[in-house]
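Shared between the two complexes below is chain A, which pairs with chain B and chain C, respectively.
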Partner chain A sequence: MKINLNVLKGIFNNAILKRIILSLISLLGLSLIIFTLARIMPGDPARMALGPRAPEEIVQKYREMLYLDKPLYVQYYYWLINLFQGKLGPSLTSFREVSVDIADFLPATLELMLFVAIIQVTGTLILGTISGCKPGSAIDGALRVFAYIGICVPPFVWALILQFVFSYILGWFPATERLSSYIRLPRITGLVTIDALITGNFNAFVDALWHLALPSLALAVGAMAQETRILRSAMVENINKDYITTFLSHGLPIYRYVYFKYALRPSLCSTIPVIGLDIASLIANAFMVEMIFNWPGISKFGITAMLRKDLNGIVGIVLVAGIIYIVTNVIIDIILTILDPRIRRGGQQ
Partner chain B sequence: MYENLLTVKDLFVKYKSYWYVYHVLDGVSINVKLGEKVGLIGESGAGKTTLLKSILRVLPPQGKITNGEILYRDVNLLNCSKQQLLEIRRRKIGMIFQDPLAALNPVFKIKEQMLDIIKYAHENSGMNKRDLENIALDLLRDTLIPDPERVLNSYPFELSGGMRQRVVIAMALASARELLLADEPTTNIDVTIQAQILKLIMDLVKKKGLSMLLVSHALGMVRNMTDRIYVIYGGNIVEEAPTSKLFKDPLHPYTRLLIDSAPKILSSTLGEGIKGNPVDYRHPPSGCRFHPRCPFCDQEICRRAKPPLIEVDRDRYVSCYLYGGGT
Partner chain C sequence: MVKRSVVAAIVAVVIIIAIVGVAAWYLAAPPTPTPTPTPTVTPPVKSLIVASFANLPYLDPHVAHDESGRAYIHNVYDTLVRMEYREGTVKIIPWLATRWEMVDNVTWRFYLREGVKFHHTNRELTAKDVEFSVMRMVIMPEGMGYLLVPWIDLDRTKAIDKYTIEIGLKKPCGVFLYLASYIYVVDSEEVKKNIKTPGPYGEWGDFGKGWLMEGHIDIGSGPYMLVEYVPGSHVMLAKNEKWWGDFAPRAPDNVKIVAIVDPATTHTLMAKRELDISTVWLPPETYEALDEIEGVDVAKLHYYGMYFLMMNSRKPPLDDIHVRKALFYLFDYRTFLEILPQHKEAEGIVPSNMIGFIPFPEPVEYNIDKALEELKKSKYWGELDKYEIALTWRAEVPGEDRVGLLLASAAEKVGLKIKVVKLPWLKVVEAMTRPDTPNHIEPMWITADYPEAISMVYLRWHSASHGTVNQNEWFDLPELDKMIEEVLGTIDEKERLEKSAELQRYIFHLYPSIFAGDYIGFKAYQSKYIDWPSAKVGFVGVFGWDVEYWKMNVYPEKKT
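Presenting the complex of A and B:
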């Protein structure tokens, strides 16, 4: 697809820029809510961090260090000042800076999300188009059954099934971890596949993909099933439209032009927002699957933070989730604006 | 005197839904001769569009042609090779659709859509993109679009209804080298430009020497544009006559009522309309499909057997027992 620069310029001038600014404001609102919530919940974070045997005066000192003795708005003020210096405050579980913790754990989750997104999008495009082009056929029926099963079974059950079948019984894929232990790879971006490509270590790249296969498939199946149904029904609807008859009546090749071009593109306009939402919500859905595959992602850090009332950890994780959500949505908006001229040119229909 | 260009013989078309079978076309036969302009009139739901779509084999998947023959010159479109069918769709027959907005894909530029169509209409002619674009511009100029360059670079939703219909006509002309099928080309556009569009189609058909099959329920329009008319009711051709004779002296009761019920600008009273409901295709009436609504139906045979299309005068055919055909 050709994208000329003017189109992109137009996008950034108007809608997307507005979206980004609005998103920043809502991020600030999100931080305020989660900051307050984490602090008004019962329980004494300083005491929980230092343990029951720590002397009271040390715990009191720790409270003062975290500004927990100050009113809430003062705490938020200090937190904001820290934020603009790129700090999220000390974690009460690892006793490190939360941003360092996140930088440590997030890449593994991001890598997983990336591959889930790739599987999900390609799978949806292929399966949805196949069943949309031939509604009522045997393959459409089979995909329908697959879709219902896929939607009904939650990701962590898929994770258990896949791990049991392909790793325990068949032994085709590794059950846990991101990389085989004999492979040494320098940490550059933290995304193992990308690091492997940067260092030109092809073995490590294949090994990383091999480890990624099961967890990303487990996370992708459900969403893919749902999106396949949406793309299918959009295709079926669009194939009955007059413009498809127009192109057929002019003798254009039925699959290459009529279905894959003129029916698919308008159908994508209704499918892509759903794909976007599903990908964004992965950061939350990934928790269980990461635990099952012992994936060194953000889930373990997140769960410990919640259980131990790690104030700064909780706020940090929620903010990261929010940012991922917003970034995904902005990307989806850009794709949609490219696909659908009615948004781009501000049409009324 | 004329060579037969398109012949439809005894065509039966059914639509299947989950619960019902709709018996729409019930043995329709028509023909269009080379250079002739033929009209097909009838109320909404009479099967006019179904007939046109059957000719190009672009019925929706629920629609099935169960019997009959569609000959284009000597090619039977119902059992010809795929390549022959594509050849006819690309380079022989062009079709103008009812709703100019629905007939254009909303998310592609006019240019993209037109060039794809023209590319296949001029397949194997070794033309580059520039040539194809010039053909598109010429076609748009033919339809009297003031600035074709701008229209080519617009999306359908950026154009007015009249403009869109001109684009649809231009697209149809890309494929119509011999026959133009026009499916109610003015129903969905503004009244004030309907006449312009009609005149445009007339002029283009004359200029390019095309034959035409015009489908409509606007009688005035068909009267001015055609040489010969078929009247269709409930999936049956009930009358066929040269245009002037049909309007002067309609024979079939349905034709008479149809012409009477058309609103006339100079009359102070409105037409009567036709009492009763259009045919329920799930359970079409036995015998003559018009008999439940027919004011002249007094014979038992009307309910029993379908009246044959008989020649009552030179070039005039009617399917009604009032003019014979019964035993």
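Presenting the complex of A and C:
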């Protein structure tokens, strides 16, 4: 596929810059909302962190350290000052800087998201295309049943089923964690597969993939089912259009050109945004699967932070989720711009 | 000329076959370690995998206060003395201190063991480290230091010489040796090097807590040492071969503490022999399922714990002692044991396994007639329908609502209205910080920190615990505080236990709570290849101290 340099210029001139500025404003607004919500939730975070038996004077010291004895706008002011210094404040869950916690937990979830994305995109493309190309056939019917089951069954149920069948009964895959106990890998990026490749430890790489298989599949199945249906519907709609009929009547190869090039490409325009947002939502929604597989991700940590009313932790994690959503939306927009020439032409003056 | 499509198809088929072939090979034979640029460890022979409920156990011994934190520090850090259950009672045994003496009513002297080394620095542990550790616990009482704060006089606590430490008290304390078993000794020099300022503790900054919680190393001298900490996943400990104490002949070389809370995952791992000891926080039906796995048994652990339904004595109609006494008779104690089987019948106001426990001075039983009789004596008789008693249950504890409904259904028979309210834990904690809480009755499990009855009494009914989850009664009785402090301050054990008995009778007649049952912790473990002394004897002791890795024997050759 040839990409026009002017196209790239068009993309990266004003549109992206505008998006970045608007995104920063959105993040600021998000931080204010979540900052306020976290603080009006019931519970004393200092007491939660220090336990029921800590003396009141120590609890009070912590309240002062977190500025909880100050008005809300003063607390937000101090939080912003810290933010501009690159700090998110101390976590009351781990008693470390929130940024340290995020650096520890985020890579595990990002790695999971990456592999879920690979499975989702590949599966959706293959199954949605097959189903769309042969509507009403037996294979379409079977895929439709799969889609309904996939949509109805929540990811954590898939996780339990996969763990039970493939780990417990068949013993093909490990039940928990990211690596086997006897493998030690230096932490470079925090993504175990990447770190294994960087250090040339192929053994660890395969072991990491082996551990990623079940949690990735559990998270991918439901979303993939939904996206398959969307792609299938779009394919069917586009295949029935006049221009496709014209191509077929000219005798172009049906699959290589007509379906996969001229029908699939516009069909993806409605599917890509859904795929992107499903993947981005994993940052928050993966916690049950992370708990079942003892996956040390940020989603699981986020739930712990919320249950313990770890104010700084909650705000930090929500901001990370917001950034991921924003980045995902930008990526979706870029892909759509590449896929759909109408967007490019509309963007050029 | 072969068509491009055919070539592409052949290439695709070859690639697919290659991937499937490799995957099948790995599935059939899981990868074994091969020499790589990064050092790998050959699989340990004797290893133990223990579940913890906490994603992030507190790694600082002076911060840990929950069960998972206590279990970690109990194995990694040495204390001045230890409590041990022997011959039907609890004895204080030498640990870092080989002997001790009471110099006077307010001064204790401990003589330390020589040659004890810290794990990572190999520096010898001295009295200076003990002095620093005591100071750290008192100035930073975020963990068990709260036990020491009312008693320790830091100005009179000092190292006399390299192996002698003198601890000064503000007032006589009859239970001090129990409290000394919580003095976890840390490497003072390492802490001082890693203090971050500013912090909440003035010149001491954060007291090195931030650094210690990052989990790079531990600063203890105990039987096991920290070798790996992956937040949210696991903590890996290795046997400290330099430890001064005795290991069981087949004590584990490595211990992995993993954060597993999900019952289904626990079941899968235990069936696959990838988890050796479960947590204590699983639903009862999960323990039944685990017990059915071949080679897995469920240990019953008798902590100093009890389930109370705490009644707020300042909220009408519970401000009337007759109403509280009526509720005593309205609780079906037998059915409670069926609802929450991890209990046994309560026999006193403190758990029956505590030293100095006395049975209830009068029979406590489910008796509607007696309840009605008491209600008729109350000032609210005839107006009970105007008062609705709110009884909470925690959203995070499934099944607890049935306890409330049990009481509510019985109360209805005598005209008392009880409303069972579901609240998240955060709201419960918030509500209990003030006496005008909307909730009349708060059910709660409370565990005491040392084996004498007075430890539970202090925790539950001294005014120091007002506003905490340890009590909801809000008694405004200065004489009660005085009695509790008098017992604590009595040095002679016999006299102390007599006063404690008197105090328990006094408290009983205040009818402060419904004493539902003595708590028994359940933990599933791999009895086929693990010899766990606490499981065999039915452990009696402090919550979190039941898993002492150095006393366990592991037989991996029996693991099938």
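Everything below uses one rule, namely that the second predicted complex is superposed on the first by the 345 of 349 C-alpha atoms of A that agree within 3 Å, B and C clash if a C-alpha of one lies under 4 Å from a C-alpha of the other, contacts with A are read in each partner's own complex, and residues count from 1 in each chain.
Convention: contacts are C-beta pairs under 8 Å (C-beta built on N, C-alpha and C of every residue); 3 or more make two chains touch, one makes a residue touch a chain.
The structure presented is a predicted model; accordingly, all values stated were derived computationally and were not measured.
Peer 1: Quick check on the chain A-based superposition: chain B and chain C, clash or fit?
Peer 2: The answer is fit.
Peer 1: Under the stated touch criterion, which partner chain does A:Thr304 make contact with: chain B (first), chain C (second), both, or neither?
Peer 2: The second partner, chain C, only.
Peer 1: Looking at A:Thr93, would you say it contacts chain B, chain C, both, or neither? Reply first, second, both or neither.
Peer 2: second
Peer 1: Counting touched residues of chain A, say whether chain B or chain C comes out ahead.
Peer 2: Comparing chain B with chain C, the partner touching more chain A residues is C.
Peer 1: Using the superposition on chain A described above, determine whether A:Leu339 touches chain B (first), chain C (second), both, or neither.
Peer 2: first
Peer 1: Check whether A:Trp172 is in contact with chain B, with chain C, with both or with neither, and answer first, second, both or neither.
Peer 2: The second partner, chain C, only.
Peer 1: With the two structures laid over each other on chain A, which partner does A:Asp207 touch: chain B (first), chain C (second), both, or neither?
Peer 2: A:Asp207 contacts chain C only, not chain B.
Peer 1: In the superposition described above, what is the shortest C-alpha distance between chain B and chain C in Å? Please give a whole number.
Peer 2: Taking the overlay as described at the top, chain B lies 13 Å from chain C at its nearest C-alpha.
Peer 1: Identify the residues of chain A that lie in both the chain B contact region and the chain C contact region.
Peer 2: On chain A, no residue contacts both chain B in one structure and chain C in the other.
Peer 1: Flag every residue of chain C that touches chain A in the complex, lowest number first.
Peer 2: 5, 26-27, 30-31, 33-34, 36-44, 47, 55-56, 58, 60, 63, 65-66, 140-143, 146, 149, 200, 209-210, 213-214, 228, 230-234, 256, 258-262, 264-265, 268-269, 271-272, 274, 424-427, 429-430, 433, 459, 465, 467-470
Peer 1: Touching residues of chain A toward chain C in the complex: what are they?
Peer 2: Residue positions touching the partner: 41-44, 47-48, 50-56, 58, 61-62, 64-65, 90, 93-97, 100-101, 104-105, 108, 160, 163-164, 167-168, 171-172, 175-178, 180-186, 199-204, 206-207, 210, 256, 291-297, 300-301, 304, 307, 309.
Peer 1: Inside the complex, what are the residues of chain A that reach chain B?
Peer 2: Residues in contact with chain B: 135, 240-243, 245-253, 257, 261-262, 265-266, 269, 339-342, 345, 347-349.
Peer 1: For the complex, give me every residue of chain B touching chain A.
Peer 2: Result: residues 53, 56, 58, 60-61, 85-91, 93-95, 97-99, 102-109, 113, 116-117, 120-121, 155, 157-158, 168, 171, 174-175 of chain B touch chain A.
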